[in-house]
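Following this line, the structures themselves.
What follows is chain A paired twice: with chain B in the first complex and chain C in the second.
Right, the complex of A and B next:
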């Protein structure tokens, strides 16, 4: 296990390094005119633009710039934003925005899990009956109708009906409710449909039929065997989903005016804000890789039959 | 049942709270759709940045509600007889305040204006809006900036950065004493005051600046304030709260004590928030005007284009005189063809996309906007002979005239059988925007490039239909191309267009602000045409320092320019439909600089202003303005 963890950590480090280096180099291939707007071209002559770029450090060769990035990283300094929030330290920007995405994301994830898993169990338990049909209708609606439509519906109509604020206010807890529910809606559908599917698969397996025929109570079979085994394929996604809530939601944060991370990477790429893009890519890739790794470990904990490392020697053969 | 009743009670209480959130008269709530990028007030790329800078920092002068330049931190000023030296006397005893509204230990002095200019003219500070016009305005400033630029870009190797910085003492700005500030200009500039309403001329306290270093303006704590308001709360991508500065020199004019600006990018949400009493004003797009016109809100909707942020912006069609499309290049260099386009474009139809009710009111035929430039007698530049007639003409659209000019162009440019003289078949490569095969015969192939949003796409389709209908599909075929979001980087600079529409904001109170950059090789001469006669008239006009003489020549130059159709102006920026509780004409106005964004003097009422009341106030205001000039 220890060797496996070390090996996976090494692989993760290599993956993150490749992602970061690739993005770093791709950013340097972007045309230099992306650093300037039309007005900038009117205001600045060629030499002024060159001086500006030199002061930003983007005219140095890419490897010198990468070295600078790594040495900053070693000191815990990810640089300052250059175009999206000129001169603001990147860590400050992320530090201000990430908590909103994180808290909304975690609340929505908890809601998705609670309601989604509950719905999935109900659908599997009452397969081909009303709860299953109702759950399927819900899942179909959420997945088939473009999210923009129901998100706007919730914002416009539900807030009007309840007299709630249309946008998020930090000091008014009631304004936190609809964004959280909106964020959770598709998650609920995802958990419900997958858990139902895995539970139905398990129900049809021989060991379940055997347990039932041996006289074990159905509830115990469902709880102790079917549900537990059906959860195994899902749990590996939990850590990644938890960690990546930090990335926020472009649409919902925009609709409810939540100052989170959603859309930050898109803005940074569009405005060629290299330090911000690099920091976000580093953050997301590290969280992604760590999430996958933790998912694997969690799967082992939930299902002892799964071995992460191949055992060696006779014991293994036995 | 009990718990259900409880939930309902809680919900009702929450609903009541939401209702009580409505704006009061000493509070103003508004939204902003373009996020502010920084609080560093010398660099204000978005309107939000400009609005915050204008209200939290004062300059030497500001614009009042009539658009006149009136004293701000400067109490008075004098100009030397040669027009080169401007001396400002500052108000005494004014202190900067911090982000809690407390007086700091720093007094606002003349040195702060010197430091402000030193800051913006150092390329290391990345003040990208430090324009050539400003650099050429003050004696020695352009040389100082270019030296530093050259040192930084590596072009100048015989000078150190320290040496270059030391040369600031040769720049034409000085503070002979604590309350006297002197500017020495490169040439007499009677409209110098109109530059001073720009963010580039704001003051900064040196000791404070040194103490915060690179962090200057990265948060409200890293600023001190000289304006009518201080920033009491600032949250990125969320909200900005401004509170009235209790130590402000002109506090009597501040009736709104708290300004709350919220980041709400969606225009639909903005309108709904206004309807629910959460906002003091909401701007309306064309579709929203249509949707609300017949509701109870219809009575409150009005449009006041001169008060729009972008009123002074002129929209025009740019024609590519150096097009790599040989067919278009042949035609666009023919005056009759350009006139055919000039008369063939129905400006009213195009403007209906922005203003479905009064599309005619946003037509602009001139390059220089109205209500911005006045001579020594108060006469508007656009009322000078030559420009006045063009301004008054309204919609130039005339299909018969357009067809006549097109026929003349065809007669001059083809062999009579539809073959364009001197043009061989070719493939026009505007990839990734468009690729067109031309055969050197009619129909003339031309590529119109636009942005991909819904309104621009509709406009492009409309223009194509308009031109093909006016001249016949057998004579002209318009191919539509779209860029992603950067018209300059994707289209203008790589020359991937035949026709496009663009716009430029207006910089200062002189026709040169636009005309001097439309000359041969001028900064916004995107068509790349050349007309020595126009260039000479502009040069002649710029040499005059008596405003009426200067404007007479500029008007002649602009009339010639428009008659030769180098660009085709068609609209002003901003339709300015709104529903608001702000009493119109109580706050500053103007077409350039940032002081027009001040909330100073603004009066907010409990109920929205009706369109009828707006009309009454408008009539009274224009009478008052005429008397004030």
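Right, the complex of A and C next:
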């Protein structure tokens, strides 16, 4: 167990390092103009620009810069934002925005699990009948229609219908509801479709017939055997999904003006805010890797056939 | 029929709907199961053996239904059962079944002990402690060593033979009156097969169960069963004691089946195999279903379905050959050879290759 965990942590560290180094170097290939805000660029003369760039440290060779990044990291200092939130410490920026994404994300995830798993169970239980058909229609709509369309629909029409605010207000809980639901819609579809599928797979297995032949009522077979086994392949994804809620949703946060993490990485990249990009990439890759690792550990707990020594578990969904 | 009949099947018709068409899997099957006996059901694959057994537990696949006929058990007609509640009094409690493949019959994510316990607790109304004790007792009864340890293990920690023992334990833990074994050894190693057969035999004796033993291997019949029912194309076409059916088979299909026994082959001669294929179950069968494959079929075989003709009190067959008007047609040479063989020592022993390794042998 100990050896396995160490080995996996070592692998995770390597993965994260490669991701961060790659992004770090790619950023250094960008044109230097990108480090200026428009006004700054216009207002500075040639020398002032050079001094500014030297001050930022982007004129040194990339490996020196990377060394500086690492030593900062060791001290818990990820630098200051350059262009997106000029001169604010990156950690403060993240610390301020992350809670919004996290809370919305966790609420939406809880909603997706509750409704999605419930819908999946209904679809499997009433396969080829009305609940299954209705569920399939829902899943198809959510997946086939571009999310922008139904997200706008919810924002425009549902808020009008209910008389609710169209944007997020921190002090008005009613304004939190629609963003959470919007955020959960695709998760509900995901859970429903995969749970249905895994349950139907399990239902057709021989051990279910044997359980029935032992005289167990169908409901008990569904609960104690089919549902239980069908949840196993999904369990693997729980930790990842929980951890990555912190990344937020670009679309929903911008529609409802939620000051979360959603658009942060995109604007940081577009505005060449190196320290911010680096910090976010580091954060997301660590969370991603840790999530996968925890998922694998969880699989060992729920599936007695999987041993720790084996490499990552087998799963399905994506 | 006789007073000691525990289960009586009459004219059972079962069909399945398959992509808009109806497939008739049982076309008026009839059978008597007597208390305390082992009845072997034999026949080519696809002849309806498993479908027949599943009707006793109300476990036809969802696309199937019993169209007509009766299954009398303890004064009740199981063929009329259609609610789960009705079946729950029978399934696993009074009639239990073990399936062909022990590798897939157990839930891989639950301990073996728990899978036996859940049924025992349900049917015998026992609490956790008491039902656990029953499971441990049953595990050792079926020859699983170290029951305490095995109780906590998962199916993948069991070998194939041990798994089949666990499946058998789950089936007999509730002391069913009838145990249906649907090709219980087909998926196992030859050496293990003999042990499982022995186990079933000794459990039957100890627990006083009636066993319906489905197999397509005629070789094991004599070693496990007292009586045989031969199925062809959704009907039982001959039923009698092992001796009667092996010594004095009357239906041409039984002849053909016996003639294809590998044990009857003569070195250097090609083994007999039945030519052709059974009739399509999608179509109405006219006459004797075996007639098109029977080189010596009578004219009437193609026109009218043969009724049941008694051969003796305990032996009957469905073939026009037993009609007093029929010409005299002898069983083929190979089948008569079997008779000689049987007279010398018994086909069963020859066929199973000395099946008396003690139970609980190493696996």
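To be clear about the criterion, the second predicted complex is superposed on the first by the 302 of 318 C-alpha atoms of A that agree within 3 Å, B and C clash if a C-alpha of one lies under 4 Å from a C-alpha of the other, contacts with A are read in each partner's own complex, and residues count from 1 in each chain.
Just so it is clear, a residue touches a chain if its C-beta (ideal position, glycine included) is under 8 Å from a C-beta of that chain, and two chains touch if they have at least 3 such contacts.
Remember, it's a predicted structure, so these values are computed and weren't measured experimentally.
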item: Clash or fit (per the criteria above) of chain B with chain C on chain A; value: fit
item: Chain B versus chain C as contact partner of A:33, first or second or both or neither; value: first
item: Which of chain B and chain C A:155 touches, first, second, both or neither; value: first
item: Chain B versus chain C as contact partner of A:71, first or second or both or neither; value: neither
item: Partner chain(s) touched by A:52 [first = chain B, second = chain C, both, neither]; value: first
item: Which partner reaches more residues of chain A (counting touched residues only), chain B or chain C; value: B
item: First (chain B), second (chain C), both or neither touched by A:304; value: second
item: Which of chain B and chain C A:217 touches, first, second, both or neither; value: second
item: Vertex chain A, arms to chain B and chain C (CA centres, degrees, nearest 10); value: 150
item: Partner chain(s) touched by A:228 [first = chain B, second = chain C, both, neither]; value: second
item: Per-pair minimum CA distance [chain C against chain B, superposed on A] in Å; value: 35
item: Shared chain A surface residues [contacts with chain B and with chain C]; value: none
item: Of chain A, residues touching chain B in the complex; value: 31, 33-34, 36-45, 47-48, 50-52, 54-56, 80, 83-89, 92-93, 96-97, 152, 155-156, 160, 162-167, 172, 174, 254-255, 257-260, 270
item: Chain B residues within the chain A interface of the complex; value: 11-12, 14-19, 21, 37-38, 40, 43, 45, 123-124, 126, 128-132, 145-146, 148-150, 152-155, 214-219, 235-238, 262-266, 268-269, 272-273, 276, 278, 485-489, 492-493, 502, 504-505, 517, 523-524
item: Chain C to chain A touching residues, read off their complex; value: 57, 59, 84, 88, 90-93, 96-97, 99, 101, 104-110, 115, 118-119, 122-123, 154, 156, 167, 170-171, 174
item: Interface residues, chain A side, partner chain C - complex; value: 205-207, 209-218, 220, 224-225, 228-229, 232, 302-305
